[in-house]
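The structures come next, written out as structure tokens.
First chain A sits with chain B, and in the next complex the same chain sits with chain C.
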Partner chain A sequence: MTTHSDEHHIISYRKLTGIWLILLVLTALTVAITRIDLGGFKVAGALTIACIKAGLVIAFFMHMKYENRLLQILLFVAVVTLAIFIGFTFFDVLYR
Partner chain B sequence: MSITLQEQPTTDRGFWNDTGKTGIGSWIFSTDHKRIGLLYFYSVLGFFLVGVVLGLLLRLELMAPGRDLMSAQTYNALFTVHGVVMIFLFIIPGIPGAFGNMVMPIQIGAADVSFPRLNLFSWWLYVIGTVLVLLSLFTGGGAPDTGWTFYVPFSARTGTNVSLALFGVFILGFSSILTGLNFVTTIHRLRAEGMTWSRIPLFTWSLYATAWVQILATPILGITLVLVIAERMLGTGLFDAARGGDPIMFQHLFWIYSHPAVYIMILPAMGIISEIIPVFSRKPIFGYKMIAFSSLAIAAAGSLVWGHHMFTSGMSDTAVLVFSFLTFIVAIPSAIKVFNWVSTLYRGSISLDPPMLFALTFILLFSIGGLTGLILGAAATDVHVHDTYFVVGHFHYVMFGGTGFAFFAAMHYWLPKFYGRTYKTRPAVIAWGLMFVGFNLLYFSMKVLGMQGMPRRYYDYLPEFANLNMVATVGSWILAIGLVLMLVNLFKGLFKGAPFTGNPWGGATLEWSTPTPPPTLNFITEPVVTHGPYDYTALKHDVREADSGVTP
Partner chain C sequence: MTHAPHKDYSGAKLGMWLFLFTELLLFGGLFVLYAVYLARYPQEFASGGHQLNVVLGCINTLILLTSSLCAAMAVTAIQQDNRQLTLRLLGGTILCAAGFMVIKYVEWSAKIHHGIYPGSARLVEGPPGESIFFSLYYMSTGIHGLHVLIGATLLAWIAWKVRNGSITRTDFVILENGALYWHLVDLIWIFIFPLYYLML
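The block that comes next holds the complex of A and B.
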């Protein structure tokens, strides 16, 4: 197919640095919440922050935000598949 | 489709000659997808034969109760190696690596795959993985004796050379991932002008669905195997209940890959059948869109059913219920395919050439294997036949009767195209008959034995199982004789047989429009596709008359 455009989106240093700083803040936050007693939400909190960080890296550093829709869908399929694999396994563990 | 324009036989032997390079380097360092396909073909065929010999030895040992031939430890090692070789060295890389590489780029009108060097690299990874697996048989504590499933806790404790074998399989996994990546990219990016998604041949569709499973599921196998190695070498305790681990977690991780891997094995085989049935019925395929869709549906649904291997492992009852239900869903797209093939045959002008005989056998054997799969997929009945010979019979029907016979069908269908010479029909039909009879004697006996309660993987059995075991062993000899006859006839034909030119079977897919054998760049002029892959009215001439010199 010839629908692929070879234009590369250039992300400014300003934006890249901004993302990097956000990632650093989130890392600090990950460490910080371990010091607060959240009970059962501790793991959920850590995983939420990790997901946001991974999302930022994929969207900006890996240019997924600027890729065409097809690539975004393909990545989405892969992530959903992984979520299902983990989810179904927990299905066993939770009800065992 | 410019079928009639490029039909002239080549006099220069196409890709065998036209690069001007000779010697082994022109093969093992070639980036031509056809050469890589042939490299894969001969590699996987070689290991298939190794696996066959191991299987024959196992059957010899089981011919009569008690010790016949080998010790129990040797027997354990043999069935493990038989499984590892057949699964990881033959049947997973088999059809995508060999026929996928050879045929798929031509079918979509491309000159090669998207990443030819990566393609070569994936074959080299296959070779490296293979060497490691083979080394593991003769070094360290001896050949692994865990069964091909490497279940913990035994695989974490046994003194045999499991770690090296696991590492070999880990590398083989990367070979599989790279092939998948290459195929997805190729099918998205390199289709010829006019090759819309609804004109893609069904073999290519099945490879596309397979490629996604290879990409998404194989990494999980890699991680799992590394975890077992870590368990053995570092004592991580991840799968050790005494240290807070969970042995069932291994089974989850292993089957998250290894069940979808079953579809890596069978989907391309179904694709081959979808190509052969319409060509030899002289009728467009019935339900093209549903067959293409069912490939994707099988790939998706098949990824959600791994728990049906674990009904008796101590998994939660809720999970058993869910996995059993999902397993039944997979039967729907599988049945769609079978019904569509049969509908294609209905009122077709069927010619029983060797590829068609193997394809029809596929439908029968796969249906038997698939339906016995439902007995195993239903939690209640599975408890009775779990880990019996019923399971062994079931998966040999699906994997050998299905994928194996599809592989033979593809050999008889496509290899003459790439060699420019063809085999004799009569010996091929006799070989098919022998294999069909031998196969059913061998594996149907196993199903009955399983129903009677004979457990799998046991070295010895009770006297009441003796008769059927003898039948199975005799069946294995008939099957082997048929196999040898088939291969001798095929390769004698490919190297010395009558010339094979043009489009003797009247296929409408693009590979039948290129010269025979195809040139390195596949097409003389870039093809423009104007009709679907099974639109035989567009093929104007009666090919049998036009190529009367050819006896396929």
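The block that comes next holds the complex of A and C.
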């Protein structure tokens, strides 16, 4: 058995606080871009920022960046499954 | 014959993540419904979305991001063997959860007071798109709120275990999994907030 101290990466308070600040800035940015008239870009912009925020939470708050390959691959499979689920629904809805 | 209690750290975490994937698909289903009906009723969704309180939505977003920071820091604190700080940070997360639910209560009561709730006379007589928007709003924020309550209860139980010494620097997978659940709650809100409050 490998020692525990090797397995667990400790993320510093400083780094976590930094991520939190970025998340706050991105939230403010989402509010700002949805208050002005961007037409179709509004939805795309808001969702892109939401995805970036989700990525930051998963990578740092949820430690995914420091996890083993198996968990990272499983996350990838889950996200791809969700994307297929959403994508194929839209093929059906938009081209029916 | 006595055995040391079996600990499978990676297994415990793998199990938690598999559960989180099913949660992702549950909310994914609600988001697909939202997207399909948004494509069908863009005007009604816009007028529904404009009736939601952006300021309260913003405050709740800040509260949840901060609660997530506390939960992540609690894991760091236990890894550094700082039990007092772990407990304080978990307390902070639970306090944020309570604040979130109070604001949710205020939001929902205002809506219900204006006659906007599933099956209300106003929605039944109104255009179908608006009633679908608010049904999805209550469904998504309701299931999300349920997760907030479950997560806060879970973290309170975990704080109790930290306090009595059954979660320690070398054995903290329960705390880590509890924090993961809490981050999922934050993750879902990161999508609910722009979808319902902002981009319509």
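Going forward, the second predicted complex is superposed on the first by the 90 of 96 C-alpha atoms of A that agree within 3 Å, B and C clash if a C-alpha of one lies under 4 Å from a C-alpha of the other, contacts with A are read in each partner's own complex, and residues count from 1 in each chain.
The rule is simple: contacts are C-beta pairs under 8 Å (C-beta built on N, C-alpha and C of every residue); 3 or more make two chains touch, one makes a residue touch a chain.
A quick note: this is a predicted structure, and the numbers were derived from the prediction, not measured.
Touching A:Ala32 in the superposition: chain B (first), chain C (second), both, neither?
After superposition on chain A, A:Ala32 lies in contact with neither partner.
Determine, for the superposed model, which of the two partners chain B and chain C contacts more residues of chain A.
Counted on chain A, the partner with more touching residues turns out to be C.
Looking at the overlay, what does A:Ile73 touch: chain B (first), chain C (second), both, or neither?
Touch partners of A:Ile73: none, neither chain B nor chain C.
Touch check for A:Leu47: first (chain B), second (chain C), both, or neither?
In the superposition, A:Leu47 contacts chain C only.
For A:Thr81, is the partner it touches chain B (first), chain C (second), both, or none of the two (neither)?
both
Using the touch definition from the top, say if A:Thr89 reaches chain B (first), chain C (second), both or neither.
both
Which holds for A:Phe61: it touches chain B only (first), chain C only (second), both, or neither?
The answer is second: A:Phe61 touches chain C but not chain B.
Show which residues of chain A both chain B and chain C reach, each in its own complex.
Looking at chain A, the two contact sets intersect at 4, 70, 78, 81-82, 85, 89, 93-94.
In their complex, what parts of chain A are in touch with chain B?
1, 4, 70, 77-78, 81-82, 84-85, 88-89, 91-96
Can you tell me which positions in chain A touch chain C when the two form their complex?
Listed in rising order, the residues are 4, 7-8, 10-13, 16-17, 19-20, 23-24, 27, 30-31, 34, 42-43, 46-47, 49-50, 53-54, 57-58, 60-63, 67-68, 70-71, 74-75, 78, 81-82, 85-86, 89-90, 93-94.
Under the touch definition given earlier, write down the residues of chain C that touch chain A in their complex.
Going by the criterion above, the answer is residues 9-10, 13-14, 17-18, 21, 24-25, 28-29, 31-32, 35-36, 39, 54, 58, 61-62, 65-66, 68-69, 71-73, 75-76, 79-80, 170, 176, 179-180, 183, 186-187, 190-191, 193-194, 198-199.
If we count contacts the way the header does, which residues on chain B are in touch with chain A in the complex?
188-191, 212, 215-216, 220, 246, 248-249, 252-253, 256, 303-304, 307, 314-319, 322
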